[in-house]
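For reference, the structures are reproduced in the following blocks.
Common to both upcoming complexes is chain A, partnered first by chain B, then by chain C.
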Partner chain A sequence: MGNRRALARAISLVEDDQPEGPQILSDLYAHTGRAHVIGVTGSPGAGKSTLVNALARSYRAAGLTVGVIAVDPSSPFSGGALLGDRIRMRDLTGDPGVFIRSMASRGSLGGLARATFDVVQLMDAAGFDRILVETVGAGQAEVEIAEAAHTTIVVEAPGMGDEVQTFKAGLLEIADILVVNKADRSDVDRTVLALQAMQSLGSAAAAHHHLTVDERPGPGRQPDGSWLPPIVKTVAAEGRGIETVRGWAEEHARYLRETNGYARHEGQRAAASIRHILYERLPAMLLARLPEGYWERMIRDVVNRDVAPHAAVDALLRAGNWLG
Partner chain B sequence: MSRPMNERKIRVLIAKPGLDGHDRGAKVVARALRDAGMEVIYTGIRQTPEMIAEAALQEDVDVVGLSVLSGAHMSLCPRIIEQLRAQGLGDVPVLLGGIVPEEDLARLQAIGIRAVFGPGANTQDIVSYIRQAVR
Partner chain C sequence: MGNRRALARAISLVEDDQPEGPQILSDLYAHTGRAHVIGVTGSPGAGKSTLVNALARSYRAAGLTVGVIAVDPSSPFSGGALLGDRIRMRDLTGDPGVFIRSMASRGSLGGLARATFDVVQLMDAAGFDRILVETVGAGQAEVEIAEAAHTTIVVEAPGMGDEVQTFKAGLLEIADILVVNKADRSDVDRTVLALQAMQSLGSAAAAHHHLTVDERPGPGRQPDGSWLPPIVKTVAAEGRGIETVRGWAEEHARYLRETNGYARHEGQRAAASIRHILYERLPAMLLARLPEGYWERMIRDVVNRDVAPHAAVDALLRAGNWLG
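Right, the complex of A and B next:
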């Protein structure tokens, strides 16, 4: 973890898309792949930052070092951002075993910033044992975190909408651990029941519906090798339930190791990384091979309805000699 | 086509050192900087000099903005500047906002505070100052 300044600078270079960024990432790549990456997502106000703060403290008490990446939204109007997650992470300052970095989403819509996974790599290479990634306050479709993290924690709080919200697609499907925070509220059990009801419709639970409640296997690893997300009640602001969440995160890591889940995740991750980089680079390479004025002419033809966009791209790919 | 290359965002740390809880000014400035397209890391109140320097380091900010309304600026500012230097951040411009008597200005500048913005300061002036300071 030697040079914190160097890590901070490297993150900026990668985040700002400076020319040194890809080189740094390539140089460090061999030193990555050791950290367990834990994503924390959920609605705005559910308590993500507070949970991250409490979890990080818990990991520190267990002797593990922690990198934190906290993503907040950029304004679509000014491009600026107000990054306020550190307010709830003040317990972590002054500890050399913790490094917190705030990131603005910079136009990304999946709940993370474009460079978030690159920053995970930098922290991984810097030697942090656990990396906690907090997404922007997510609604239903911001599920990118499941691709970046080994273990995804979805945080809910009581009173955040009727139970049909929890049946909708997206966020709950990516949860490895479900946390119901602010469990000191009176309506917490309704939220827990709604989540349990949702789970009881899933395949893991359906396989055991002939059993009585007491006979059914508990959450976590199932006899058929699948994973049923545990539902954990917490009061993160007071540290209540946090050890249980950490215990499940470690249990999930063990599950991934024993079921080849890590390898599968790494494979998906590698494919996604290569695809992202390819998609970023290809257009510039393609356009560089076009004859002078071709791009402008093509746009004019499409505007004039002489050519449809699909046909224009077919012609462009032929002109750039990309179809061989 | 693809996103612009080499886009550098200005990153600013806005912190309230000391014990006063009057954070409206800090929030107004944070909001103005955000609206000017900057990324503002807002740490909230009751920050120690060590916390501020550590946040400035981890967040790799271009500018540190402090807000003090308790009158403790003459004891807090030197300690913050010292902590920033200890972290190797002596070249990061530090701005101060709040209630600062005229007679303190020269001494604040001598210890390394780049600029002071008092009550009634125009947020646009702060934006312009930061843009020119980080160029």
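Right, the complex of A and C next:
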């Protein structure tokens, strides 16, 4: 429990951009790289939080510890912006093998992704076996966070309409596991068929389009070494299908380790971590190098249409002596 | 129509990061600043696209030209990722006073916001009177885009559940006009009451909490110079309530011009434009200054846990000679 309080304090320091944050992260970094990071994404109403809750309990039953990071402000884990950091997922609280953290929405563009990456590292260093990151399936920073997970679960729900189907098209590409939640609804098979149809437009299935349906290999690892996302039906609120999802998540982790997928993912995560820190630090560094009042004058010139934004950036770079 | 083709070409150059983009934007910048930019945001299923469509027709009927930018990939204006740039809003196409553009989702963090700002400028320079920017009401880049509009309309729909209500809490703060769409549903009044209750927690209403309900001023401009967002019920699919929304949008533009709100907004937009260009250019500039293979070596060191990401950034800044 002492450790737990230390973790909570470290997360707060990192989230609040306190000067100690980078040093803590650097000190702990050698202890990271053990956790399997699982992104759970999908639009509001699909039941992401319920699935995350059920998955966390399933991992606990299997003797594994779980960190949960809720990036989605609509998540019950977050409790919404009005309720702040309060946690409504009662059945997980009080269990020392579970650590739940919701990310307050961040002011600066890129700040959310950077802070989420940092908190993943802190939970990883603290020894949690699995880290579940819940993000709303819309928004550029949020999709980038989901992509940085080792395994990405995209959650659908039946009957969310044609509009939502197309909306998800962009998410299909990043899914390692597709979950159709609320599978007790009558139109679940229509949703599964729609997902299969979209999948068959993708490259993995297209590789053996000359095969009849029966000849096609099942989902998961394919003979050619690629990964075909399984489609799993769940009723997360009743715990149905959760063991299957967990089984596929473990299978996907094995697949990544046995191919070079894990190393590739780790490289992507490292590059993304560095990029997000650069996004935050470089503009701040430039501003610090400008002459007094220069930034304000440039904004005024842009507002007055005397200088265009791109030209203003050139001027700022010159003024900060950052060109050439 | 020649102008129209030139605009489409300019947008493509800017979106695709072609080298001509910044020059075109700079050349045209002096002609911007005339359009009233209206952000329309809200979660999938609230009917944003239908509202945008109806608003655009309403503006056309009033003799004004309209640019539409759909940032939400689920928008029928976008047609979803599978259908690319195809436009399904038939009743607007073919009208030379309307220009519709959907933004393809962008690879780099911050790229979406930067490109959207650029396209707003191009449409503004092309002389469109009103520019409607539709964004999904989730995601950091997307909220930042909505905030950059002069007037932000947040769309709700009844019966989207408690989860969605809290989700919207963050959006309430950026709303200048609140629209409860699909107001023919039975639970519309519950939604309106919930919004009013949330509003009364805010500062504008709190200022006169000692007044009884009847004594309170109506929405819009308040005696103290602040703005209390009106709550408008619409059935966008049937055009009901649309004239009221348009009326409030015009009223809000007047309010901004008569207070210092417009200048403040323009300053925020200018600062955001510059920031987004910096976000894209600074990391690229740093990479270009690094010794051959340095970036790849640093990624490998981070993956191997020999160097922490924050320390890697310090090393990159030193190697690019950007410290001190």
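To be clear about the criterion, the second predicted complex is superposed on the first by the 272 of 324 C-alpha atoms of A that agree within 3 Å, B and C clash if a C-alpha of one lies under 4 Å from a C-alpha of the other, contacts with A are read in each partner's own complex, and residues count from 1 in each chain.
Everything that follows uses one rule, which is that contacts are C-beta pairs under 8 Å (C-beta built on N, C-alpha and C of every residue); 3 or more make two chains touch, one makes a residue touch a chain.
The structure displayed is predicted, hence computed values, not measured ones.
Ranked by how many residues of chain A each touches, chain B and chain C are led by C.
Once the two complexes are overlaid on the shared chain, A:Arg101 sits against chain B while remaining clear of chain C. Within the superposed three-chain model, A:Leu316 lies in touch with chain C and out of touch with chain B [touch as defined at top].
In the superposition on chain A, contact of A:Arg60 is made with neither chain B nor chain C.
By the touch criterion stated above, A:Pro283 is placed in contact with chain B and with chain C alike. In the superposition on chain A, contact of A:Arg185 is made with neither chain B nor chain C.
In the superposition on chain A, A:Arg297 contacts neither chain B nor chain C.
The intersection of chain A residues touching chain B with those touching chain C, taken from the two complexes, comprises 74, 79-83, 106, 283.
Those residues of chain A lying in contact with chain B across their complex are 4-5, 8-9, 11-12, 16-19, 74-75, 77-84, 86-87, 90, 93-94, 99-102, 104, 106-107, 280, 283-284, 287. The touching residues of chain B, counted against chain A in their complex, run 1-3, 5-9, 11, 30-31, 33-44, 47, 50-51, 54-55, 57-60, 87-88. Taken in their complex, chain C has these residues touching chain A: 22, 25-26, 29-30, 32-33, 43-45, 49, 72-74, 76, 79-83, 105-106, 109-113, 117, 136, 138-144, 160-161, 163-167, 169-170, 198, 201, 263, 266-267, 270-271, 273-279, 281-283, 285-286, 298-300, 302-303, 305, 307-313, 316-317, 322.
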